[in-house]
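These are the structures, in structure tokens.
Each of the next two complexes has subunit A plus one more chain, namely subunit B in the first and subunit C in the second.
Right after this comes the complex of A and B.
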């Protein structure tokens, strides 16, 4: 609208008329698209989401009972990083996010390539891979807890057929978090796959024909066309799974409750534990740390990946 | 030879996908229809008896019909929050797409923040308590709306961008402005994307575990996901009932998936790539 008005500004004699016109169109805009349409969404968003987010920065600095709060400075944050049990959550959160998003990128891309090739059962396979995305996380967690049981679980029984003695996946501190991360990948890879399918299908066929003319094979097609040109999909998958991975709570909580001990706790599960224990200030400090971690990783990542997207 | 190779590769892909993705689901089904003793083994043995109806009635009757109440609660929660999200997000997306300026820039920023920022749990509880909405269904509905708006706004905005402005102008000549313009002219045109938003958001809200856990605890208000969580501790010995519960609460998303598979996938990818 404004651009148009500026372009039309020619002689000095027209200026007054132009201004009048601009004012009229602004007025018309105000009538056609009134800010009142924002109102319901804005009220709910501000009150329920934004106010708590901002208040968290204050309450994180207090000892808090929900009714009254005493200012204690940075004590909560010091506790968070001084206590081994809490610090581990910080490391675990990063580990979990990196493992899940890395695997979702690799497996999602492979499945995406497979499911856009000329398979006869393509439709069926796409559905099968995608369906876990729609199943409740708690249900998935309970099911896999059963499948991962040390002696009777299906996974270890299958491994036993090959003579491998599988560990107690969820009961061993070394494998607990990784097992949950793998189940997360199982549940979420279908989403990455459909993003890749959409990305791959939007690549113009000409590029593949060009590779064929040059006598390139399947590997060339993948390496020089599919991989670079599905970059926007990779970008989305990385950002989304990072956001999801850093915030992940429900799967960890249903499968291990952060255990054994505190070895598979993440920031989100610590927030819940401290809340249950009545340490509301500490829990909120966890929330602030999570906020900082998420923005400190996702915003630069978004910037960096976005820049690359332009370059390609 | 080549055809043979392809059939071979296809076979391997099929077998792998079946094993990896269908085995857990068949395990759920199998365990749900076994009797209590056999279910305890948590293995893949074929059920020796099929107490399907008995398991079904038992899980329904458990704890004074908590599952039925949970289904009612989840339905109320899902329908109400999805309805509010659709109307609020569509209205906001319309102004956001049509009217450039500082306000829209701010709104844009807030939409992205809503997608990225993890909600601050305890301050939200504190606030809901202050409003008298903590542990109430309306409170939880508002929470779901606040957390679900951003994604819906993105989808709606992308769709509205494809509706020509000339249409607004024509409607304005006929005297439609503001609310009437939106509800009588624009909103009916948003039907395809509205369906997409309804589908994806209802799956999300119905499957939500974290928000009910924090903001609506307690057996009388339980949502279906919380019954699972509660049964998990209560039924550590009655796996058949636990898995019957899992099967029952997986049916609604399964039905949506069977009928609207394409729409759901399209909606999710559109939202993801534009986000």
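Right after this comes the complex of A and C.
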């Protein structure tokens, strides 16, 4: 970048022309480069993503038993919206997405700052924080189900040492969804931290030196340099974890199966239960709705956050 | 250079497509005449043990036929695996699957081999056939024994507290009060395994049909509802009652069925609404399960009309996609014979009566099976609703958890279930909904 700018300044006319020429010829060359190399990826993408997606839009309009399908128009969408626990599902999905992405931003930023400071065992601590990301979600779910057991679980045993009688975390309607969300944060915060570490390390040291010259302390460095300049990282973390939260399924399914009753159901678990029940058309309609909802939330969010990024 | 790139790309694409499409296929007989049958069963301990006893005995008698058993999850997850594999033609040669309403959803006329009039069915009790039939055509043979759905109770606790087997719901609740006073959990619930929450509702069907004899037909036709039929609503009410009185074990929301059975056998809990078939696998690790645990039907209102709800055994079926039909039929004929029952008796304690002519319970049958046999001998049984009607709402287990945890009032739960049933009936395309 800097080199290019310097070149332009010394000889604007000719250098620009030369560069333009070079770029054009490179473009032609690239066009001649075999598109067939894209083919394998394109085939995979077409067969296991595009074709099923297009088919989903059709099957959402049918009553489908896997053996045969009858066209029923918009009946499935009507039935899906009439689902008694759909309202709980929507509220839970939003709650889950907001709680997990919020906590991941806050904790990820703090851990990111901590793990970019001069610290003994820094490399080790970074791996420790990132480790949960590498573990299979289902394994995490099963492990935490055992840890959160009301009588024999490690969590309640530890609480008992301090004289606290812990609740039945996953079996109690009041704590089930929150418990799952916290486990999700435990598992996902390492990823957010890595994004923040990258973001913080890309901030030029000059700004910190400027704060030091002006006599600012650690708080000033954080508040006026790290925080605003790591905005691109925040933006990535919010988008990624919010989409992840909206689609959240595997952890909820392994830990509570949407229960007790319907109290921790999310849109994805409702859809899955309909699929399990053999209502394939209905659950496909649910998936189409989920697709539309996620798009409707994430596209404006993306636009809004992107605008802020330019402004800062 | 350019062509080689293209060729390589195309080759890659072909390989990728081939890898995507060639996902296993069953094979026919081998050169030396041995046939290998694949056999798909659910992964509950009782099923796996029974399947092993059946296949071992069969392979000993037929050395030319080898059977490879594979397991699948139970519950609605397993239903889906079965449906998917049937519809894609990837099903095993023989499959173990529920009889009754769940079988109807497999579309047997299209996916399974019709066994009507086949000698395979020679030893099957005639009154079993309707639950493996659709439109008058039979598709399966009974696997294992029938089982009771009701209350498993600890006889030692009853003895110690001087209690009697209750004939009415009020007597049952009175027993619970005494058991609670003695510091023992009166009613075990294990809502992490959501299916276990349904027994108070499904196991109550004997009482429902005693009070409303035409309920099953009217319900299938969409005329009778759980919320508006007092006898049917009672099941939901019972579920709410035991929770409201504080009779449930601590941590019932995150307990699983194995923990519940253990509590019952060890006498830490007195009652467990459950299927009798869950008990035999316990006998190996805790021998007292055979003698200390008994069975009674979910009590109703009238002591004179006391009885128990029965679940028919699952069936063995042959999918149309099989390439080893002869061998598969031979296996089914063996399963539906008294010899098979004897082979199973040696390995697994039967949980109820057989549905094969000439097959008997062993003399040392477990107490639960004897208690159930008594109900059968006296004619005080009714099949569960799912064997009389193809309609069973898929969300019942979540609704019963919600009602049983005090989250939903019973009347509201029953109404929710009626809506759930309506959705199922519409998806099945039944008349009158």
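The criterion applied here is as follows: the second predicted complex is superposed on the first by the 277 of 312 C-alpha atoms of A that agree within 3 Å, B and C clash if a C-alpha of one lies under 4 Å from a C-alpha of the other, contacts with A are read in each partner's own complex, and residues count from 1 in each chain.
Here is the rule we use: a contact is a pair of C-beta atoms (placed from the backbone, for glycine too) under 8 Å apart; a residue touches a chain by one contact, two chains touch by 3 or more.
Here the structure is a predicted model, which means the values were calculated and not measured.
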Practice task
Please indicate which partner A:66 is in contact with in the superposed arrangement: first for subunit B, second for subunit C, both, or neither.
Solution key: both
Practice task
Classify the contacts of A:257 with the two partner chains as first (subunit B alone), second (subunit C alone), both, or neither.
Solution key: second
Exercise for the section: Considering only touches as defined above, state whether A:48 meets subunit B (first), subunit C (second), both or neither. Expected result: both
Exercise for the section: For A:151, select first, second, both or neither according to whether it touches subunit B, subunit C, the two together, or no partner. Expected result: second
Exercise for the section: Mind working out whether A:34 is in touch with subunit B, subunit C, both or neither, as first, second, both or neither? Expected result: both
Practice task
Could you look at A:171 and tell me whether it touches subunit B, subunit C, both or neither (first, second, both, neither)?
Solution key: second
Exercise for the section: In the overlay, answer first, second, both or neither for which of subunit B and subunit C A:278 touches. Expected result: second
Exercise for the section: Determine, for the superposed model, which of the two partners subunit B and subunit C contacts more residues of subunit A. Expected result: B
Handout entry: Interface residues of subunit A shared between complexes with subunit B and subunit C
Key = 34, 36-38, 40, 44, 47-48, 66, 149, 275
Fill in the blank from the handout: So, in the complex, the side of subunit A touching subunit B is made of residues 1-2, 28-29, 31-38, 40-42, 44-45, 47-53, 55-56, 59, 64, 66, 114, 118-121, 125, 127-140, 142-144, 146-147, 149, 152-154, 157, 186, 191, 194-195, 197-199, 232-233, 236-237, 239-240, 243, 246-247, 249-250, 254, 268, 271-272, 275, 280, 283-284, 287-288, 290-291, 294-295, 298-299
Handout entry: Of subunit C, residues touching subunit A in the complex
Key = 2, 5-6, 8-10, 12-13, 16-17, 20, 76-77, 79-80, 83-84, 86-87, 105, 107, 110-111, 191-192, 194, 250-255, 394-395, 398-399, 401-403, 405, 407-408, 416, 419, 423-424, 426-427, 429
Practice task
Name, in rising order, each residue of subunit B that touches subunit A in their complex.
Solution key: 6, 10, 13-14, 17-18, 20-25, 27-28, 31, 41-44, 84, 87-89, 91-92, 94-96, 98-100, 103, 107, 110, 114-129, 131, 142-143, 145-147, 149, 153, 168, 172, 177-179, 181-182, 203, 206-207, 209-210, 213-214, 224-225, 228-229, 232, 239, 242-243, 246, 249-250, 253-254, 256-257, 261, 264-265, 268-269, 272-273, 275
Fill in the blank from the handout: In the complex, subunit A touches subunit C at residues 34, 36-40, 43-44, 47-48, 63, 65-67, 70, 75, 79, 84, 145, 148-151, 168-173, 257-263, 273-279, 281-282
